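Here it is, the structure, as structure tokens.
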Amino acid sequence: MDNTSLFVVVLLAGLTLVVLGLGAALLLSPKSINFQKGEPYECGLPTHGTSWMQFRVGYYLYAILFLMFDVETIFLFPWSTVVRQMGMTGLVSILIFIVILGLGLAYAWRKGILKWT
Amino acid sequence: MNPFFKYFSGIFTALGSLIGGLRVTWRELWRKKVTMQYPENRDTLQISDRWRSELYMPHDENNEHACTACGICMINCPNGTITVTSNMVENEEGRKKRVLDKHIWDYGMCTFCNICVITCPSDAIFFNNDFEGAMFDRSKLVHTLNKPGSKLREKKKNLPPTPLKGEKGATISPPKKQETQQGIDDKKVS
Amino acid sequence: MKQPLELTGLISNLHTFFRSNLTPFWATVIEGALVLIAVLAAYAIIALALIYIERKITAFFQSRLGPNRLGKYGWIQSVADLIKILIKEIIHINKVDKVLFYAAPFFVIVSSVLTFGIIPFGQGLQAVDFNIGIVYILAVSSIGIIGVLLAGWSSNNKYSMIGAMRSGAQFISYELSAGFALMTVVVLSGTMQVSEIVESQRYAWNVFNGHIPAMIAFVIYLISGHAETNRGPFDLPEAEGELTAGYHTEYSGLQFGFFYLAEYLNMFIIAAIATTVFLGGWMPIQVQGWDGFNQVMWYIPSYVWFFAKTGVLIFFSLWVRWSFPRLRIDLLLNLEWKYLLPINLVNIIVMVVVVLLGWTLEDLFPIFRP
Amino acid sequence: MSNIQDIILNAVPEALIEEKQKLTVTVEPKQLHPLVKALYENKDLPFDYLISLIGMDWEDKLGVIYLFSSSKDMSQEIAVITATEDRENPLLYSITDMYEAAHLNEREVYAMLGIRFINNPDMRRFLLDGDWNGYPLCKDYDADPTLNPITIANKEITDLAPRIMEDENGNLVESVANIFDEDDYIINIGPQHPSTHGVMHFRTALNGEVVKKIDVNSGYIHRGIEKMCETMTYPQILHLTDRLDYLSAGMNRHALCMCIEKAAEIEVPMRAEYIRVIMDELNRISSHLLAWAAHCNDLGATTAFVYGVREREHVLDIFDKTCGGRLIINQNVVGGVMFDIYPDFQKDVKAFIPYMREKLVEYDDFFSHNPIALNRMVNVGNMSREDAITYAVTGPAGRGSGFSCDVRIHKPYSLYEKVEFKEVIRTEGDSYARYMNRLDEIEQSLHIIEQLIDDIPEGEILAKVKPIIRLPEGQYYQSVEAGKGEFAVFIESKGDKFPYRVKFRSPSLAAVSVMPLICKDELLTDFIGIGGSMDYVIPDIDR
Amino acid sequence: MDVNKVKIKALPSDDFKDNETLQAYIDELNATGTNVVVGKLDQMINWGRANSLWPLAFATSCCGIEFMAAAAAHYDLARFGMEVVRNSPRQADLMVVAGTIVHKMGPLLRRVYDQMAEPKYVVAMGACAISGGPFVNSYHVINGADKIIPVDVYIPGCPPRPESLFYGLLQLQRKVKVEKFFGNKRIVRPYNPDTLINPKTGETVKVENEFNK
């Protein structure tokens, strides 16, 4: 079997596990209803307002930084497999690339973006 | 300090103290474990003699106890755990006398403050250390301490040894196993 | 080399048996089914074993005994847990985002099974072997976080929501470090195919072959891998003390069981990948020229080597987990962005230099060359 | 003291000054605020520490007894009494503008006695639900269960804080203010939460993960102990104090016993005193160990929690053998102790001391120097000395801010004058200072035990006490240093065998009331950690 | 089935107290009889359930501390497979009510109980949770958790020692082991219904065995 079909098999394995498991559980497990069961649990008290409210998070800046570096990873992986063959040219070219990104990180650091508030 | 130097020395001091923490858990991994294994250790388990679990009323071989039904324990109990009911019985001489009918104690309500034992003028009730008390039914926790058919012990008999009762701290004699057993029996009868 | 206990023979025998007796279509189907069953069985057994081992080791670190009343030393404790959780009610919560709520466990489990599939447990015991193996690992393992995010978001619960947000930030950060650390090895071995990476470590494990930069990458991978699996001291998304149960607060029964299972499996997967990539995978200890020694080592089957090495890493992960307090989100992100990432970037360059100048162990001592 | 009397008379000439157990000043409600202000602003000896605020019902009038002390000299105490005869709509003046500690106390008085305080910005009921019928501590409270039936209906928690303010012209204006903004992201931390150390309910407005505002909501374990005391004889009350702050059960009970003994003039035998103090210190160690363990657990170190409880178990073993209780030890009784020590007591305690010292070193290696732990504690939850005093935070938490408030030093009781020990003070005021204070106090407690354990005198353990104890008419007050801070008992007696009013000063209440201040602008994670460092016990707050 | 057939490791059936109540439960459950295959399956499932009771500590006061002590090194709840303390009621099997339940806490207790997933059990630990204990006469204390929710096992003590707690948990294991999961038959747990009011309608909630619906 080739890799792709094996991949499909493994994917199926994962799906089977969940489907079979949940199916069995739904079949076997007892059910009960009462007037508070379906409400969200928040330390035993009714929750105040909805939880899907505008929620200020400091995560976005990190996400943008992540994007920057994640794209870099995509470039680096092909490069890393052939770096032995490419020799010094490979090193120098990617060095420039990394330095630019590193400067970006340093800039962000200096600007205080990496400080969690 | 040079920020670069600070940056790297920070890494190393942090690593150093982290390893100190790891060492503590590592040592603990090989030490003897302190766990006491109830119920496997039931035969060897030592519960302190002074541990207060169940209130019981010692009965001697003639099925006699020392309770005069004076009700002092009931009055002194801070939350009404004890109920003493008594009958008035006329004895041969024609004098009315109070006789214990039921001494009811609620295990599920008792706070084990020991006041009833301390104040009991005739040393009729004591706590034992039989800690296994969990029940399925709330009503099973209400014990009648006096056995059916038991009666008041005549005075001047040789009394059974008194278990430790608190402020009379000098008499440290643990409740005997037999007496503990009696306490359990009481409840089974009830 | 004689390898009496290996399963390669069995596998190829089965393969020829099916091919010779059945039409190619049915042979493929049956082989596929066998692989599926094997993967599932391995997945379930490893999960149950890990749950037991973790509880036991945790207890030993805490000078307790751990489960010991079911079977000898309590070894079937996790079976009881499995039965229990299978028949536990699955609560239907009002006002959740229904589709996402029920899809979340799928993502988590499928992601971990997919990653599980690429691990070489021993010689010939690898389900999928893409030539871009490392990228595959990074790609599929990051599906799991979608599950966590969905679970937290869809639950309509504030604790879950905060847990999910935290895990999002945590995961995207540490994903980078894990990727860069693995990339360091790719630079060293020149390939991304997992089987080839293992093969290239016949006489010198990558962590020794690439010495300083490889060791740094190894440590960084362990830290970031640990963080990616959301386990203490990086267990912020769950943070029992703060968020009751974090992103899976509202999940009950087997749905919660899947999160629980995946958490343990992910711990195994991270250790397994670290073993494969840095510690020679299923390769036994080999010394060029010592044929007698090598033969003895080969007698020990490859999967035993693999599980032994993985076990050591798992133990280490538990050791760390039960020794340290939980990090705060800003410390966590600081650690990644101010320490691990810059060090990683420099580390890659150092590795390239080491490789290009021929300073790896294999280059310096050709005796280690496979 | 005459100096103080001058100041009082300067501020309020009509004040009635009596020298009772302590200096007692009685004033009209209108004059309360100027009087307290004068005391507060006294340069040489500012009475800036509000020990206790006791709501009273004297049947003909409703009032409050304030107990003040000075951060400069804790041994100086002064009681201020004010009362109103209006039982329908009792109004008094608030002192929250000077003493932050008064805030929650005044709310409690409102819930219990119905007295409302003018100028207190938030006059919601504390401890009881907003729709509770009647005021329990009033003598005419109707305890009919049908008035307040048990329900499983979830009660709305109101965000609206009623208040009565006095404007410039002296008119009273009733108004209602919102506690939270309209679009705040409010999350309930507690009551059923693993890290609130009980059933505390913090309603927390978050801004991202940063705590914007905290509303303390308590009463989920309010058992009405103070009211119950009024119908019980003195020996019967004793067992209730154990259940206030159950971690320092023995010390609480010590306070109550001393208060009764002082009033009834009972001399406690020396042997009993020794046993009491040793047990108190052991109790303190166990309390601090659990606080340490719980704090570590709040910071995510489960293993540290197990270690702490493991060491604590050795203390509990000693308790178990001595008085047959592990947590609730029932040791002190009026006039002495209930149980004499067991024969191996000294041996066990002496074995424990070096063991504990060794473990303290291990704790330092394991947690105190851990960089993650340091990052989570140093400079987190800063509380200045002024804050500690105005919120009346005592105990290791208060001393972590440099507030010298150890009752054992400033108002020595029992044997504490005879033993030599240091008051552990740090001035940083952060979580780490409080954390280290506890570990250091364990060391000091071991030191105290070492000095006493060998010379426990022979003799009686119980003084002769009448079977029925009646305290002479008057007000009695006794404080001790409990595990969390200054714990005090106030008894007002009318000469009966029941007390007329009993009030317990709860150190944990102060620790909780300062939480909104020190947690502001900290992360949610740190909020939990700070809670751990303050080490409050909720049943102590709710009583 | 006889009560002596319910086996608990290291603690013989005769040494348990209150066998009579358990026997009464068993008789009630076996009134209609079951077939053998289902009986075996039931046994297996009950074995799993009894040995994997994950607790939710509804700890309000002193007893909560003893519960923590029971979970720590000296007593170690983990030996029973119960150390996985779940803070979310959704994932817990067993609610340990440890401490006083007061009027203000009553609705919360009910809510947390309601939000637990079936099958669920409740243990009342300590005098307060059984009957109100020391505070039985107080105006603000509910006299026992069983006024709000059904309780399976009562563990007396104030607070009970960890061994007492373990004994109670073993009793609970016995109770779990006699149930018939497939017959959908469970012991109807007694509770005092006259105080349960539905907040939506204001009517008294009818108490039925939720499980049988």
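List of remarks:
For reference, chains read A, B, C, D and E in written order, and residue numbers begin at 1 within each chain.
Convention: contacts are C-beta pairs under 8 Å (C-beta built on N, C-alpha and C of every residue); 3 or more make two chains touch, one makes a residue touch a chain.
Please read these numbers as outputs of a predicted model, since none were measured by experiment.
Identification of common neighbours of subunit C and subunit E yields A, B, D. Mean C-alpha position of subunit D lies 35 Å from that of subunit E.
We define each chain's centre as the mean of its Cα atoms; on that basis subunit A and subunit B are separated by 57 Å. Once the centre of each chain is set as its mean CA position, subunit A and subunit E turn out to be 41 Å apart.
For the pair subunit A and subunit C, the distance between C-alpha centroids works out to 16 Å. In subunit A, the residues that touch at least two other chains are 29-32, 37, 39, 41-45, 47, 55, 57-58.
Residue positions of subunit C touching 2 or more other chains: 59, 61-65, 68, 87-91, 158-159, 165, 240, 244, 249-250, 253, 322-324, 329-330. Subunit D has residues 154, 185, 187, 191-194, 209, 239-240, 303, 306-307, 310, 313, 328, 366-367, 370, 372 in contact with two or more other chains. Interfaces, counted as pairs of touching chains, are A-C, A-D, A-E, B-C, B-D, B-E, C-D, C-E, D-E. Looking at the complex, you find that subunit B touches subunit C at residues 11, 18, 21-22, 24-26, 28-29, 31, 33-35, 37. Only residues 1, 3, 5-7, 9-18, 21-22, 24-26, 28-32, 37-43, 47, 50-52, 55, 57-59, 62-63, 65-66, 69-70, 73, 76-77, 80-84, 87-88, 90-91, 94-95, 98, 101-102, 105, 109, 114-116 of subunit A touch subunit C when the two sit together in their complex.
Here subunit A touches subunit D in the complex through residues 42-49, 53-58, 117, going by the rule given at the top. Residues of subunit E touching subunit B in their complex: 8-11, 15, 17-18, 21-22, 25, 73-76, 79, 127, 130-137, 144, 146, 151-158, 160-164, 166-168, 170-171, 175. The residues of subunit C lying in touch with subunit B in their complex are 59-65, 68, 319-320, 322-324, 339.
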